[in-house]
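The structures considered in this document are given below.
One chain, chain A, appears in both complexes that follow, with chain B as partner in the first and chain C in the second.
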Partner chain A sequence: MKLFLLLLSSLFCINSFGQSAVVVDPAKGASLMEAIADAAPFDTLLVQPGTFKEGRIIIDKPLFILGVGYPVIDGEGKTEIITILSDSVTIQGLQIQNVGVSYIEDRAGISAEKQTHIRIIDNKLYNTFFGVYLKNSSHCLIQGNEIKADAVNEISSGNAIQLWYCNNILVQDNHASGHRDGIYLEFVDDSRIENNTSTNNIRYGLHFMFSNRDQYVGNTFELNGAGVAVMFSKKITMQYNRFINNKGTASYGLLLKEIYDGTISNNTFLGNTTGIYGEGANRLEVHHNTFEKNGWALKVLGSCMDNTFTNNNFINNNFDLTTNNNRSYNNYDGNYWSDYTGYDLDKDGIGDVPHRPIKLFSYIVTRSDASIILLRSLLVDVLNFTEKVTPAFTPELLQDTTPLMKPLL
Partner chain B sequence: MLKIFKYSFQDLIRSKWSFILGLFYMAVTFGLLYMSNDLSRAIVSLMNIILFINPLVGIMLGIMYYYNSRDFSELLLAQPIKRKDYFLGQYLGLSLSLVISFVLGLGVPFLLYGVLVSDAVVNFLTLMFAGSALVLIFCALAFWVATANENKIKGFGKAILLWLFFAILYDGIFLLSLLVFESYPLEKFSIAATLLNPIDFSRVLIMLQLDVSLLFGYTGAVFNKFFGSYVGILLITGAAVIWVISPIFMMLRAAKRKDF
Partner chain C sequence: MKRVVLGLVLLSCFGCNPAPEPIVFGSDQCQFCKMSIVDNRYGAELVTAKGKIYKFDALECLVDFKQKEEKIAAAAHLELAVAFDTPGELVDLNVLHVLYSESLPSPMGMYLSCFKEESEMNKWLDAPNARSMQWAILEKDFEMLDKR
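Here is the complex of A and B:
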């Protein structure tokens, strides 16, 4: 809420100080760079349709740059395109394209450093090495942008939206595809990532590093190398996201590494190779999620402790849960497991027999990868059954003592 | 040969056994389709049943039919008929009648549930192919065992052992060797070991269609890449053909030497 108020106030600030509107029409030979140089602070530049090829454009005063009918700003594959060196700049409705790949500097479609109250709204960024890149900035809005590229490999590609040492940023309704990471946050605190779509990125749909107290809500991550990676972060809230078809040899819907005190709720994990992969993930509350048709719904390694998994649906996954430890430090009570074969005599909706989500075969597969080829064989069914009756290899105490009989909606 | 085939085929297709078998498949398929109401899920459940039942049915009915028609064999072989023609005709008669019961028993319910217009049609065809191949292979194995063993009890015992070996023991040895040699790269070994067991390669063939998300895992991807390619599918088909032909060949050899 605080964030919204701040953004709202920034909006009013710009409008109240805005003095005059200047029309910049490339058809009449106008130059965007000259228009910026001539404008007074808090002016509005109305950029008319056409193409500007002026290399790197530096905005050094508070301006509202509004594109009408998506004028094209083309970097011709050479330089960074828009560099913001002032606070309270708004860029809206531009089509920014062709930033050259550089292995030395992080060129971007739009970048800002050490600024506040920047708003980047409804732009189209095509083939811009890094799309939007904010450094050391705060109280900014990145909304409704479409950021597309055709990345081939990790080394020669940038991130669609990259935030570095920022705080209080709202990233909303953007569409990022074909980059290395869709959205990348490093040292970003108190920010909110909402309703974005991140697809077909080579590495991660969304990537957190060393960021705390952030929320990401209602996003869709589809067909990325891995959906979301949350690493070395604290108090992250992850809600109502969809992790779909993130498939590959090292692919995860959600990759958790060294994270503490987060909430993962109301998400959907569908058709991923691994739904959630946890390594050193601690004190997380995982509830009301649906895991459906994944290869592995949960891979929780032995380094994860004090997590609570409750009220989740596990439906038709090849393996619901696997771990490499024979003790359990997490709580798995009160979930729905489509594999559950127990009964409910007192009809209270809770199964009377505990459910053991780890099958012997998933334990074997963790030990020897190649044994996956025996999946669904009669032998494996027999082994799983005997192990279920008398657990010898799988953690005996890893069980759901109150399994639900029906899936939660 | 064709005459023998025609005779035994007509005899078998009218017998109560093929009828019961066809009805059984139909009942199971209808039941599963009715309960799951989802073609793909029914195919998964049917896969387990078929991998279990088809080899058993093939090998048991094969051995029973052979021993039952022993008097008939002696009578016919007294006539100027080549042994090769006679036994091949018998084998084809039996295995094809079983395949027809299987295909009809499974096919009719699926067709009624509209499999041809759904996206499960490839899975369904793979299932039919694998199931039919299993029947052909295990019938051939049964005929071989029966020809090689004059003693009925011995013959039955060996046939059951053979089924047990391919259904469970083989996988057990396979799994154990995977665990013992876990620190070695085992992908190629696993592929070879899979091709050496008809039940295993039928299962892998169906699994490739169904468990796609899992097979994108680290090692799964290797198998997926191999068996999912044309080369892999050709190899599996080739293995199936070899698995049908070689027991028939062994059966014919045993029949040639046999003293009736």
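Here is the complex of A and C:
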């Protein structure tokens, strides 16, 4: 909320300073670069439809650049396109396209370094290597942009939105596709990622590294190499997101690695190879999520401790849970498991016998991938049943003592 | 019979000689952080005496892995890294120059890169606090350099 207010107040500040509006019309031979040079700070440039091919455009004073009917700024596959070297710059309604791929420098459609109060709103960025790239910046807004590329491999592609050493950034309502990572945050604190759609990215839909106290809410991650990766981060809140069809041998809906004190709630995990993969994830509250039709709903490895999984739905997954440890350090009480075969004689909605979510066969598959071919065989059913009755290999205490009889809505 | 034995002996020799394996960028996964290895200017590899190969997306992950998996670290036979000036190619870490320079952000956030040629590395040394070191020194000073 604080963040939101801060951003809101910053928006009002910028608008109240606006001085005069200058029309930049490429049809009359106007140059965007000259218009920027001639403008006074806090002017508005009204950019008319047409195409500008002026190479790298540097904005070195506070300006509001407003595109009318999506004028095209074309980098012709050479340089970076817009470089912001001033605070309080707003770029809205431009179509920015064709940044050259570079293996040496991280070129971007729009980049800013060490600035505050930058707003990048409703732009279209096509084939821009890195789309929007903010470094060492704070209190910025990236909203409603469409960032598209056709990445073929991870090496020659950049990230749609990349934030590096930033804080208090709001990333909202963007659409990122065809990049390496849809949204990439490294050393980003106190920021919010909201209502974005990230699809068909080669690596991750959203990727946190060394970032703390961030929230991502209401986003959709579909058909990415992996949906979201949260690594080496603390206090991340993950709510109301949809992780859909993130498939592949090393693919996950959500990958957690060395993270602490987060909340994962009200998310949907549908049709992923692995719903959540956790390694070194600690003290997480995982509740009110739905895991449906995944290969594995949860892979919680031995180094995960003190996590609470409660009030989640586990519906029609091949495996609900697997772990490589023979003790349980996490709490799995009070979930709905579609595989539960117990009964509820006292009709209180809670099963009378505990549920063991780990199947013996999931151990075997973890050891040897090829054994998956036996998944639906009678042999495996017998194995699983025997283990369920007399646990020998699976952690005996890993169980849901209060399984729900009906799914939560 | 002799030939068969000879053949077996030869075969076993091949089996015992641990050799590095190139990193396939874009498809190999980092052993430590599980990210796929994408940036061909960075990367590292550890080969144990028994020939088991561990690949990493950055030097930071190799050091972190060695600290966590002490048994494997003790069995290390070869340690290699990708040199910034010869992208994609694995080189023995003992002949590489390791650079810490804040003008070169590395994938795992500690500004570490490796160089084959000292002259190439010197181009990056003018950043504040930049320093070059040998691999053994980096392992010793790793905690101190780690500001993540």
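Criterion: the second predicted complex is superposed on the first by the 409 of 409 C-alpha atoms of A that agree within 3 Å, B and C clash if a C-alpha of one lies under 4 Å from a C-alpha of the other, contacts with A are read in each partner's own complex, and residues count from 1 in each chain.
In the analysis below, contacts are C-beta pairs under 8 Å (C-beta built on N, C-alpha and C of every residue); 3 or more make two chains touch, one makes a residue touch a chain.
Since the structure is predicted, the reported quantities are computational estimates derived from the model, not experimental observations.
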Clash-or-fit label for the pair chain B, chain C on chain A: fit
Chain A: partner with more touched residues, chain B or chain C: B
Partner chain in contact with A:K293 - chain B first, chain C second, else both or neither: first
First, second, both or neither for A:A250, with chain B first and chain C second: both
First (chain B), second (chain C), both or neither touched by A:V382: first
Touched partner set for A:K406, first chain B, second chain C, both or neither: neither
Which of chain B and chain C A:R180 touches, first, second, both or neither: second
Partner chain(s) touched by A:W164 [first = chain B, second = chain C, both, neither]: second
Partner chain(s) touched by A:K28 [first = chain B, second = chain C, both, neither]: neither
Contacts of A:K347 with chain B and chain C, given as first, second, both or neither: neither
Smallest separation in angstrom, by C-alpha atoms, between chain B and chain C in the superposition: 12
Contact residues of chain A, present in both the chain B and the chain C interface: 250
Of chain A, residues touching chain C in the complex: 103, 153-155, 164, 180, 186-187, 202-203, 209-210, 225, 229, 231-232, 250, 255, 257, 277, 279
Complex contact set, residues of chain B against chain A: 41, 47-48, 51-52, 167-168, 171-172, 174-175, 178-179, 182, 186-187, 189-191, 194, 199-200, 203-204, 207, 211-221, 223
Chain C to chain A touching residues, read off their complex: 25-26, 29, 33-36, 38-41, 87, 105, 108-109, 148
Of chain A, residues touching chain B in the complex: 245, 247-251, 271-274, 293-296, 316, 318-319, 364, 367-382
